[in-house]
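Take a look at this one; I'll ask things after.
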Amino acid sequence: MSVIEINNLTKYYGKARGIIDVSFSVNEGEIFGFIGPNGAGKSTTIRILLALIYPTSGSASIFGKDCIAEGPEIRREIGYLPSEVFYYDNMRVIDLLQYSASFYKNIDKNRIYKLAEIMDLDLNRKIEDLSYGNKKKVGIVQGLLHQPRLIILDEPTSGLDPLMQQKFFDLIHEENKNGATVLFSSHILSEVQKLCSRVTIIKEGRIISIEDINALKRNNYKKFIIDMDEAVSEDYFNIEGVADLAVDKTTFTFLFKGDINQMIDKIHGKRLNNLRIEEPALEEIFMHYYEKEE
Amino acid sequence: MIILIYAGMLKYSGFAAAGQSVNDLFKQFPASVKAVLGLGELDITSVLGYYAVFYLYFLLLTGVHAVMLGTVIIAKEEHDKTADFLFVKPVMRSKIVTAKLIAVLINITILNLTTLVASVVFVEMFNTGPPITDKILQLMGSLLIFQLLFASIGAGIAALTRNIKKATSLSASVLLTAFIVSAAIDLYNKIDFLKYITPFKYFPAAEVIRTGTYAPLFLLLSLLLITLFTAITYYFMDKRDITI
Amino acid sequence: MNIFAQELKMSAISMIYWTTALILLVFVFMFMYPPISKDIAVFESILNNFPISLRRALGITTLDLSEVLGFYGFIFVYILLIGSVYAMKSGISVLSEEIRSKTADFLLVKPVSRSTIVNAKILSVLTNLGIQNILFITLSCLIVNAYKQDSLDAAALVLINASLIQVQLFFVALGLFLSVVIKKIKTVLPITLGVVFAFFVIQLLNQSLDDPKLAYITPFAYFDVGQIIQNSSYDFSFLVTNFVIITVLTVLTYLIYQRQDIPSL
């Protein structure tokens, strides 16, 4: 069953492009990555899901209900963490969290304290005295305190130190294990690689591709780094299935997708200084995607 | 600004509609009553005297404009969180303050000139007596000093307070208080000594028109206050910690 | 209810501050009443001989400044001015607050509809105004009463005081409307002062020109104190005008806010 269902969603800000014809769906229980460079339309899509902005055309539904028409009901089950968090300056952290909790029914009050402890957050300080990273922690706690069935994260890790990032990821993993679906938007691919099972890539307002992350990494693409000991033409390795070919003097670097024996045949009989064949990082696959589209 | 000019235009269209009949009315006025009503020695039967009544409206509207402009322009960097952008640029803070104050000055002057031009044009349209452009110029001169005073007060307040909300509240209170005090003085002349604390009373239109000059004491006081508040602006902007 | 309580908590101090200012104003002005009334009494006979058209032009139509009620009516315009600034400030800031302090991403993703939010926020403004007016009317009636010489038209006094909240409602509605129409409101008070003073100057103009059309433009003219003292009632057509304007602006506010895109940070 899909938790989020987006159909041909388009949003223009006046004449400026927001997103064009975006469609994808997120299944229950998965952690779904939403990847794209800055300004690609990630936040626009998410803000429509939360009914903060209204689509120009198309529709989006969550839990089978329309995002705009049945927004309030849907949002009972959503936890949202924006990339930048702002709260009422003259409140204390605990006041804000309790205010946040007051919007939901059947809240487990202990959860605030439990989450605050995990995130190492001082509940008695005033919001305006908090550092950026600490405000972010407030955001995480208030986004998760009502045990949402759907967690929407919009570039959530900025401002968190690596230790906190790790704790945060652990937290998300645990929520996911307990049944929460996660939509995770980011431009940092290593995070997505760590967390997500499927990803969709958005660029200049349009969806380019939706992939299973394991499938993406597992098969096909191999990264070759070959240091030749004899001169070959620059085009020597440019056979079908090769992408992102870069030549630096005698070193050839490229991605290869296809029958591995073909490449072995090419190398066979040549003198090499060095040879490495690696699993490509997700970044490299995506760079490949981005460039292909241009 | 637009509302201000619109109100100005409205004034004059209203003036056009009713100016004549009001003039007739004022002719029947005994001097004693005029004194009570605070019209003083103003000859309200003339266009000049009638125009002088509008001077209060100019004071009110330009006062609001000046004090808010002065406050907002100094306080806004931290509010907009652009302070980190602007204050790390390789310029001295005092230069930034100077640039901002010049912007205020230009803005205020434009408003003043707009009022001046509108006044001259519209007054001449209805004027049947001798031209009064020189008197209008004088009144606009005192208006400009009044504007500068409130702009510097606004800037000073913004430099002294920590956030824009407090700054605008304080500036608004100062303006409202000054206006209410001036109204109270109009009503009850025994508290005349309070005129030193409200710029609304520094250059009364009647005085300016009658004497053709500004009262030296108040001119000095204005300049002193403008200097003081400008100095405060520079000093505290230089000292303050930038928080975002 | 939680939004309402939160809004009240955030605005209580400001309400107390402005209410104090209003009451202080009455107190200070009424303090000047005894000496002024003596001065004025001398001229009263002269003034009363004037043709009515002239007195209207001077804005003293039916106001007898030597009478405590007449004097109070005369200073009431400043009460209206201050009260209106407060009302408009509240109207503009209450809905734009979330966008100005960038907390929209917090409040608007909560499981509440936008109209619930508007309801709670408007209700908080109305509650503040209600408390303010109860305090103000009680205290100002007490103060005025302390200065009365013989009889006092209590009904007229209450009617004058009750016009405050009606003018305030006009400015609340206008403020709400402006706050959803103007895209980026950074600071509330400059707009507030500009608009309120523009209406105030129109009223001053209206007083000297007495143009019947002009009076409909500014709410300061809707509740003419002289007329209230004379008739012990409001002018019906202005009452209706005020009500219609408030209703239209409020409805528009709901409609526009309902469909508004919340700008990202």
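Order of writing sets the chain letters: A, B and C. Residues in each chain are counted from 1.
Everything that follows uses one rule, which is that contacts are C-beta pairs under 8 Å (C-beta built on N, C-alpha and C of every residue); 3 or more make two chains touch, one makes a residue touch a chain.
Because the structure is a prediction, the values reported are computed rather than measured.
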Inset, instruction - Taking all protein C-alpha atoms shown, work out their mean, then name the chain whose own C-alpha mean is nearest to it. - result: C
Inset, instruction - Compute the centre of every chain as the mean of its C-alpha atoms, then state which one is farthest from the centre of chain A. - result: B
Inset, instruction - Please work out the Cα centroid separation of chain B and chain C, and write it as a whole number of Å. - result: 24
Legend entry - Interchain centroid distance [CA atoms averaged], chain A/chain C, Å: 52
Legend entry - CA centroid of chain A to CA centroid of chain B, Å: 56
Legend entry - Residue numbers on chain C that touch chain B, as the complex places them: 21, 25, 28-29, 32, 35-36, 39-40, 43, 46-47, 50-51, 53-54, 57-58, 60, 74-75, 78, 81-82, 85, 186-190, 192-195, 197-198, 200-202, 204-205, 208-211, 214
Legend entry - Partner chain A, residues of chain C touching it in the complex: 2, 6, 10, 101-106, 108-113, 116, 259, 261-262, 264-265
Inset, instruction - Over in the complex, which chain B residues touch chain C? Could you list them? - result: 3-4, 6-7, 10-11, 14-15, 17-18, 22, 25-26, 28-30, 32-33, 36-37, 53, 56-57, 60-61, 64-65, 68-69, 71-72, 76, 79-80, 164-165, 168-169, 171-173, 175-176, 180, 183-184, 187-188, 190-191
Inset, instruction - State the interface residues of chain A toward chain C in the complex, per the touch definition above. - result: 13, 43, 47, 50-54, 71-76, 78, 80, 82-90, 99-100, 102-104, 142
